Structure formats: C-alpha cells, structure tokens
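Per-chain numbering from 1; labels A, B, C and D assigned in written order.
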Amino acid sequence: MAHNTFGNRLTLTTFGESHGKAIGGILDGCPSGLTLDFDAIQNELNRRKPGQSKLVTQRKENDKVQFLSGIFEGKTTGASIGFLIENSNQKSKDYNHLKDVYRPSHADFTYDKKYGHRDYRGGGRSSARETANWVVAGAIAKQIIKDIQISAFTSTVGAITIDKPYQKIDFSKTDTNDVKCPDAKTAKKMIDLIKKVKSEGDTIGGKITCVVQNVPIGLGEPIFNKLQAQLAKAMFTINAVKGFEYGTGFCAAAMKGSEHNDLFTTDGTTQSNLSGGIQGGISNGMDIYFRVGFKPVATLMKDQESIDKNGNVVIVKGKGRHDACVVPRAVPIVEAMTALVLADFWLLDN
Amino acid sequence: MAHNTFGNRLTLTTFGESHGKAIGGILDGCPSGLTLDFDAIQNELNRRKPGQSKLVTQRKENDKVQFLSGIFEGKTTGASIGFLIENSNQKSKDYNHLKDVYRPSHADFTYDKKYGHRDYRGGGRSSARETANWVVAGAIAKQIIKDIQISAFTSTVGAITIDKPYQKIDFSKTDTNDVKCPDAKTAKKMIDLIKKVKSEGDTIGGKITCVVQNVPIGLGEPIFNKLQAQLAKAMFTINAVKGFEYGTGFCAAAMKGSEHNDLFTTDGTTQSNLSGGIQGGISNGMDIYFRVGFKPVATLMKDQESIDKNGNVVIVKGKGRHDACVVPRAVPIVEAMTALVLADFWLLDN
Amino acid sequence: MAHNTFGNRLTLTTFGESHGKAIGGILDGCPSGLTLDFDAIQNELNRRKPGQSKLVTQRKENDKVQFLSGIFEGKTTGASIGFLIENSNQKSKDYNHLKDVYRPSHADFTYDKKYGHRDYRGGGRSSARETANWVVAGAIAKQIIKDIQISAFTSTVGAITIDKPYQKIDFSKTDTNDVKCPDAKTAKKMIDLIKKVKSEGDTIGGKITCVVQNVPIGLGEPIFNKLQAQLAKAMFTINAVKGFEYGTGFCAAAMKGSEHNDLFTTDGTTQSNLSGGIQGGISNGMDIYFRVGFKPVATLMKDQESIDKNGNVVIVKGKGRHDACVVPRAVPIVEAMTALVLADFWLLDN
Amino acid sequence: MAHNTFGNRLTLTTFGESHGKAIGGILDGCPSGLTLDFDAIQNELNRRKPGQSKLVTQRKENDKVQFLSGIFEGKTTGASIGFLIENSNQKSKDYNHLKDVYRPSHADFTYDKKYGHRDYRGGGRSSARETANWVVAGAIAKQIIKDIQISAFTSTVGAITIDKPYQKIDFSKTDTNDVKCPDAKTAKKMIDLIKKVKSEGDTIGGKITCVVQNVPIGLGEPIFNKLQAQLAKAMFTINAVKGFEYGTGFCAAAMKGSEHNDLFTTDGTTQSNLSGGIQGGISNGMDIYFRVGFKPVATLMKDQESIDKNGNVVIVKGKGRHDACVVPRAVPIVEAMTALVLADFWLLDN
C-alpha cells in the first residue's frame, strides 16, 4: 500500500503542501449511483476551516472543494473521484525565516533527515492543512453509510472536562459554540481557558470523544484488520494525537472481569456496553465510542530556543497564524476519519 | 491487503484455530543471508507459552516452532518463510457445552453473526493462541533490526503500578518473575493481587509499557503510515487491548505547549522527550515509549448468565483453562508486534 | 502487496522449496459456509502430479494436501485456510553437483545475484513444484464460482496444433490422454512428438488454450485491475510462459475494425466474439478465451556447457527427473490461476 | 490495492473522464531530491497528444501538465506528486446521440451493466484519454531510472512489419515520422496503409515492440510479482491490447530446449538472448524485449448497427474524432508503463 493512501476497499490517496498551489485527493471505490449532497460536503469543510472564530488560526481559506471526476449529473459513477482545494491565503514569506530552522516538536527535523529536501513553508506536507482532504473524503464516506451516526465533540480542554456520560449529551449542540463542546457551561469554561492560554502566547491540549450509533453488526475484519485497530490507526494519523482508547479504555486496566463483562439480553444486545461496541475486532451492534487525546500545538507565540540544520542555536520567533488549541477544529477530522474506516468495512461486506 | 496479513514490506500472513491441528504463518520479505538464532526464536515462544507458572493458564503446549522454507543451511534465502506450531494439548471436549453459547465479552456472538459457521472450540480463530504466530515472526523481526532494543514489561496490574520512570528501570529484570514486572517489589504486589483475584474466580486488567531504544532517525512513512499509527494498529490487533498512548499520551491533553515542547540540543537530540521519539510520523532518534491498556480476561471461573444462538438464557459455567491476568503473557506479544512494525519500516528505508 | 501473495480480496500466500520439508500456503478471503469437495481438490492435484505417465518427470510425489485451518466440520469458516503438501521424494543428492553451477536458461544465476544465498536443490523456490500450491487454492476457487466453467487444454506441442475452433471441442475428453489434448488424433501426434524429443534428450514447447464459460457480466475492475490484465499477470506467473493473448490476440494486429467489431444482438450478447468476452476490462458475459505460450523446458538430458558462480566453464550433465514438455502438466495450473483471478473479482462484486 | 492505483513502491493513482474538467493523478513513492526535467515530461505528453498529424484524431488538446505538489524548487521532496491536465477541447455534444447507445466493441455495455450510471461522453472513464496520466507518471519514472533505456516503436501495422531484428534498428529514428516506425521505408508503407484504411472509414490494428537496455541484474520479485508478469499486466492495462509476448514469445512453443537455451559466457552474460532478459521472474542484465498486439480501433467512420440500453436496434453513425490506427500514439504509452514497472522494481531494491 502506498503511504499516501488510506483504506482498503474505499481508498483515499492525497497530495498537497500547506503553501503549494492546491491540495487534493482521489477517492477510489465509492459505489456508483450515489446522489451526493454537495452542501453537506462543503459544510464539513467549513466546520474544519481556519478563521472561523477568534479561537483559531486567522489564516483565511475559502476551502472550496472542486470535484473533477467520478461524478456525472450529480451522481457517482463508480469511477475514482478526483478533487481539489486551492490554497488561496498562503503567506509564505512568513516562513522565510524558518528555511533552515527546526522548530521544537514539529516535523522539520525528521522530514529534513528523512528526505533531505523539503518544502519548509508552513510545514509543507506535514501541515494539518492536509486534513482538509480527509474531511472531503470523509463527508462522502458519511453519505455512503448514511444510517450510521458519527458524533464527535470536544470533551476536554486542559483540565476542563465534560463530566457526563455521552448518553446524556445532545450532539446537536456540538456546533453551537466555537469550541465544539455540546455542553454549554463546559464550553464556556473551555473557551475562557483557550483565550487565557492564547493571551499568554501559549497553547493547550485536549480530548475528543466520538460516538458511533446505529452500527450494523459485523463490521471489522480479523485478524489484522480489526475494527478498533483500524480506528486507532486512523486517529493516530491525525496530527498531534497522542492517545486513543475505546470503550472503557485504560480504565479497564483497573477492573475485574466480573465488573467488565457485558452480559447479553435475549435479543443479542448487551445490558451494559463497557466493551465499546466491538468484540474480536467486529462490531456487535452496540454504540462504538472512543476518546482521542491531543497534545498542545507546538507553535507558540513566544520565542523559543532551537537549532538550525547546521546545529547552530537560533531563536524561533512567535510568528505566523496558529491555533491555541487544535481540538475544536479536529472534531470534523475525527468524524471524517471514522467515516472512512466504517465505510471501508461496510463496503467490504456489502 | 488481505486481513490475515500484517505489514507492508515485511509481511506476516497467519492461519490457525485454537483447537485445530496446527497454527502457523508465512513471513514474507525477510532479507536473504540472515543467520537465524533459532534458540532466540524459541525463547520468545517460551516467554509467551501457557503453563509457565501458576499465574497463567495450565494448558500445556510445547509450542515448538518448525520452519518449513525460506531457510537454507541456517540462513534466510529471501524466500517466504513458512512455519508451523502444532496444537498438542487441545481439550476440545471442554468446549462442547459452548457450541451454541455466546460467552459474555467474547467474540462468539460477533463471529457467529458475521460468518454463520464457526469453530467454537476455544474461541477458534479469535483465540489468543494466534499470537504465538506473531511471536515467531516478531522474533525474526528482532533479528533483522538487531541494533534496536525493544523492552516491554508489565507496568500495571489492577491498581498496582510501577511508580518510576522507565529510565530508572533495569529491563534485564523483566523475566525474573512470573508477572514480567522488572521491579521486584511491585512484581510481588502484582503477583499477590493476581493470586487473590484468581482465587475468587475472577480476572484483572493491566498495562504494559514498551520502550524502544537505539532507533535510527527516519523510520515511519507519512501521511497514512505514520510510525505511531502503525504501532497503534499493531497494539490494537492484540486481544483485550483497550488503549494505546505514546510519549505523554493522554496526559498531553492537560498540558501547555510551553511545557510539552522538546527543545533541541545542538547535536539534534532533544533535551526532554515528551514526544516519545516521533515527530510527523517519523522517528527522531530519541527513545520511543508507549503504554498499552488491557481489559480483564472475559472468561471467569464463575457462573455467568448469558444467551445461546437461539436467544435462550443459559448459564456459562466457569470451566476451561484461562489466565487470571493476560498481561504477563502479553509482554512478548507487545514486543513481537513492535518488532514487526519497526523491521517493516526499516526495510522500507534500507 | 507482498510478493509471495496473489490476489486482492481472495489472496493466496505461499511458501516452499522443491526439496524442503513441505510446501504450502494460506488462502485468505474464502467466504464462510462453503462445503468443500475435498476429492475435487485432490483430483486437481493429481492432474498436475509428477509421475503420472511416461511423458512426464518420474519424481513420485504423493501430493496429498493437508488442511490445517479455516475449515470446520467440512465447511469453510471464513478464517484463513492453511494447507500443506509434504515433499516426500526429494532426491537432493542429485543436485549436489549443481551447488555452484548456473544451469542455462534456469533461474540459478538471477536468484544467486539477487539473493546471494539460495537453496540450489531442484531450483529451490523457483521450482515449478510451487505450482502445486496454486492448484490447491485454485481448486477451492473453482468451488467458490462453481457456475463458471473453466476448461484448459493442450492446443499445441511444437508444430502440432488442434486445428478446430474451441466451440467444436469436447472438453470432457481433455483428461483422456497423457497430453491433455481433447482431440484424440492430435493428442496421438503430440505424444509421438514428445516421445521422440525425449528420446533425443531434448524438450519441446507448446501452447495451452483456456476457455471460460458462463461468466457473469461485470467481472473486472478498471483502470488498473482489468480482467485481461490480471489474467495476463496470472499466466506469466507460471514458469516457462512466454506469451499470452486473448480473443483474437496477436491476429488482431492484421485486422480492420469493420472485421473485428462484435455487433450486438438485441439481448445484449454479441453476434461474434472476437473480443474474447471482455470490454474495457470487464466481462461482457460472452466466453472468455485465451492462449498461453510455453517455452521448452530448460533442463535437457544432454550435456550443456555453462559456468559456475566463479565464472569457470563447467559441463552441466543431463541428470535428474524432468518433463520433456511442461504443457500437459500445466493445464491444471492454467485453470487454477484462472479460477483464482475470477473468484477474486467475483468476490469483489458479491 | 485500489483499482485505480498501479504499482507497489512507486504508485500511480489516477482519475478523470474524457469529457470532464480535467484528468490527473498522484504519483507516490518518488524519491526525494530528484531534479525533474519538466521539458522531458511535456515532450512525452506531446508524443502521445492527439492532433499531431493527419493520421490521428483531430481532437486538439494542449495537454499541458500542471504539478501541484511534491516538488519544491524544481526538485522532488519525497511527498506525493499531484498533477492535473485540463480537458480543453471536449465536444461533448458530439456524444449526445450516444447517451443510451452501446457502441460495438466499446466499453459502453459493460460499464453500464457494472455501474448502472456512467459518463457516456467520449467513453468517460474508459477512454484512452486516461493514458495521458500514465505518460506523465512514466516520464518521471524514466528520470528515476535514467540509466535504463526504454525504446518502443511501431513494428507492425496490419500486414506491414519491420523485417529486421531490433539490434539493427536505430531507435533515434522512431520519432522522425508520423507512425513512429524507426525504419523509413516501412514507415512509409504503414502511413500509406493507414491513410487508405482511414479513407474507407475503417481502422487497422498493429504491434509495438519495446526494447529495454542497460537493465541492472536483479529486478523483479518472485513468486507473484515476476518482472514479466508485471510487464504483462501493465501492457494489458492499455486500451486495445490483445497480446503480449517477451523474448521468443509464442514462437517458443515450436522450439526445442536445445535451440532455446541461452548459454552463458564466462562474464555472466549469455551468448544468445532468446529468454528476453528475464529468468525466474528476475532480470539477468541482458536486453528485455517484448511485443504488444493491438486490435483495430472500434470507432469507425461508417454506420454500424447496434443496440441501445433498452435493447432497441439503433444505427451508430460514424461521427466524432478518432484514430484510424491507435498504435503510433500508443508508443509513448508502452514506454511509460514499462518505465513505471521498472522504476517500481528498482526502488524495491535501492
């Protein structure tokens, strides 16, 4: 499998650098005859878009996707779907001072060592700008599996966490605030925290919870393509992710089997769902839920000491346009990658 | 990619059920001319073997691997390596009572719904017996990348946790006790806890920490085959795994960028290593370290209410041979999967 | 994709050397619930087996396949199917004199240059013994797509050719003679030719024609997995194959469009079938037919001048057990590889 | 592997329909640091371009490739290379009359049956316009393996054939005439034949010979990724190809082993090269040469009886812009696909 390709039956192959002419991708394996809701696709892109609020980077991108193939008279044809998003608001000059510099906890050093020659502007290929491609593809994937509900939301920023189970959360509220937390009170606290951190020139980490409902029984392929394994891979593909857990997650380490086992009801559902909807790598029809942990953004609006490629000490100035907390904009990305995984498995079976 | 195949350049394809004649696999892509240390391979299998101590299942398997191809006069030829492990101690009759029963939090239900026809004996294909195959392949992978040190150990059982950083741990002590915890005092507590839980007919979860040292710079392939993403996938392939985090992991969610960033020293190493040895999906030469969370074993030595395939309520008796805590035997499995991932990436570059 | 793996959805991964303990493979992706006809599988192996007649190599192999997994109570479970064929009649000593020798038009030279270290006995991994694995897997594939009829036969040996169109051939006669040519008169001539060539210590080439009937419309995947492209790849995987053509094949080069086009009848079939059952990489429901050309076996029962690995001139003695014409034994191999290709595409759609 | 993706280590994924906005692709796996010769790439596109001469279709396309990523300051970065070719001269109205019609020996019928909904304009995804993408990628592949010489030429049109061995041909003459035949006299005859056939509203088939020189020893991967097998797959990917043979090809069927074997010289080269440069699926350092047979173009400038999707008899009018012989324009396509195969194998080893 090529390394810029994700998926098995439904595959997304992408290209594009932060400050190139355009980014884009090819979605292959989409069934024919699907009437696409283009507004829904654009809407997902808008959810991820920079410049939406004062909390996030002020890079202004239209992020208008153009489809170039695979769609005829509004419906998919089964041919590969090529798409493009132009980069309109590159301020590449902002990055000239970073030409030979390795920013702390960025990919500058590793890309330079691995590839020798790199597009340093805005992180080049390693930039999270790439994730706009995934959101386009994920929005189509959502339409392939439209009976399945995928709901991600910001559950933690710094020390602020929603303290209720997902069953008590109204996912329709997620997009009602800038931090994409469906609980208004918690959202307010998160926003205040991000503003404070931002005013200090600093950044903060967080967590996203994702809940998948109405999942058919049987998705996932043992042994080496278990549903949770592919979800984990998808999540760790997202920039800044440091942890993934599903169901009880790490809490399971402290539990006993007699506490953790989900007993069946006679209709094949389970009375509890500590397992998180997957057994043996295969969905069991219960809700799938998982949490994704994000590190704080590495770019600070503060000076940091670093080195250049010749090993000289340099000062990395706090410049450019960046998010003080990546989590709110990552919500649609988590949903998109989840949708790609689920649609892929669904197509294997249907 | 076939679903019983793992890897890209170095691929492991496996087969086998818990109570079939044999399990085995094919390791493809191993370079030619490698002199294999067969004792080292068998030793890894022995570390995973059932019946090693009173803590683990009393199923007695020789777990003697036979190599059938790809090796000539003690050295690899570059041809695919076929291997076999016979199942010698199946007590299949122990499972007759489970023919139509769905055990709680096992894969019986999902396999039956997905495949219709299944080998129910001992979990069939979903059994952790499969992991013996991975240990064989991983032991060869370790020999491919012999300069890289992979050290996993039991870091948590229930509420008992090693409370020191890995830098202060002597990995050579890991195999000196039945629980594979390199800290003698903590090991003692873990063993006591497992014995207690076992005496109650119950089981307990835990965590494994894995540290990878002497990693070359440059392993990992953006965008969709990032080193951490493939490690995550590998870990979630292991039965009972519920969580994976690397570097700071979920703790990063509560941190600020100014705390989390790893500043460089002039030789390209970093002063701290909160990142866990990976930036942008590529190893940066610092130690890679991660934690894997395991749920408690689902098979209890207690009666549990469940259902059969017709929806009738049945009592699952506490019978058979099982581990009260899967974590100690999973230590060599975590190492094996890590070795497969790293050798795969290493071969892509070399 | 690993290089010892064939297929996409139905994958065969193999191992084994001519003179190792055993050869074998793993067939992954077989649907569950298929009742296997084991006699039919063994029968295909018997058709390929050495020592069947005086025309072919006198190596005597039982070629008895053992299935190790993926089958329970006679039916497939959807798990990977591991199988094994023991090598019982290796006369490895026959090959000691070839340890450092490069036999003309064999793979000794290229394997040695590519791998450095090789199992030289009987050609090692490059031996056609490997094809027994394919025949096992192909026999299962035939059972997956049992409505499709695959009929291969020897159509040419040296200058002797069946001179009638396949529509006039009774495929049930193919196995009635040692040369697997369904036309008795032509078969007689072929047998005489092979005997004559053999008595001279020489070998002879030939062709196989394969006809696939009752093919559903729609098999094949544009752009890069066209049905004819995958069939071609499958055929060139077979040792000694030098040419592949389907439909009119190379004759099309001399034809005009007005002669070559297949006009439709109103039911969607075509009045002629010069195309050979495929348009745009997709089956159109008409018969697929193709021809495969084989070179003469490189091992002669005559002395040949050659070189050893140090560049010294050596004489390769005409020893060992070999076929004077590979074509008759390749008939079931052609069918097996065809079945693997078709079953793979069929499973993609069903 | 996705079906719109070709290759293993160097992969090309493509999209685009004949009459869509653009076609394009993503080339993944290109090494970093390669200084690209953009003129050479455009030159290959120009060699394939429609409207070059009176012999070929008069569709006028600029066929100007735009690169969107993976290249920085003229050199590759190791990131995926996205590229685009706009469709500028679609005359889609020409195809309105074909909306529901199945043209004889085209892919209309099979695409419609497989996908249900299709872009019928100019053949949509099944159009040879797609091959422009391959030529772009192949031109980059040629630069990756710049020491290897790939020389294809028109060797046969209808009954007109170059009657000398490739060793006596000056490949630098291939592009000196409209038919891409390096022998001036034969070229003249071919041109006359094509003109005559064209004046009759008819089309004609032909053959391309391709010679690969200066090939390193060791390219190709047994068992299922043999060099000849992948070359065959690549060639049958090209529209209208009906046959592929390498070395002696089908002629080998009539030969004896004593005639066909290539004896070694003491430097490891062979005295003859009937094998065509490959043994056991691996290049042996001798020239690789093969022939590809093409059927006559299915679109005629004559009326043909056919059916529509409802089974009604219709007359397909001879309209639109098409080649009377596809072979001359296929010469750069054969070279491009050959380059993709060889560069892929080369990267696996280097």
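Simple rule for what comes next: contacts are C-beta pairs under 8 Å (C-beta built on N, C-alpha and C of every residue); 3 or more make two chains touch, one makes a residue touch a chain.
For clarity, every value in this text was computed on a predicted model and none was experimentally measured.
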Taking all residue numbers used at the chain A/chain B interface, answer same if over half belong to both copies and different if under half do.
-> same
With centres defined as the mean of Cα atoms, the chain at greatest distance from chain C is chain A
Check: chain pair from C-D, B-C or A-B whose contacts match over half of those in A-D is B-C
Centre-of-Cα separation between chain C and chain B, whole angstrom = 39
Could you state the distance in Å from the CA-based centre of chain A to that of chain C?
-> 47
Here the gap between chain A and chain B, centre to centre from mean Cα coordinates and rounded to Å, is 27
Do you know which chain C residues sit against two or more other chains?
-> 1, 3-5, 14, 79-80, 114, 125, 222-223
Hey, which residues of chain B end up touching chain C in the complex?
-> 1-5, 7, 11, 13-17, 20-26, 28-29, 32-33, 66, 68-70, 72-73, 75-82, 84, 114-119, 124-125
Using the touch rule from the top, collect the residues of chain D that touch chain C in their complex.
-> 1, 3-6, 8, 14, 102, 104-107, 109-111, 113-114, 125-126, 130, 156-159, 197, 202-207, 217-218, 220-226, 228-237, 239, 241-250, 252-268, 270, 274-276, 278-284, 291, 293-300, 302, 304-307, 311-313
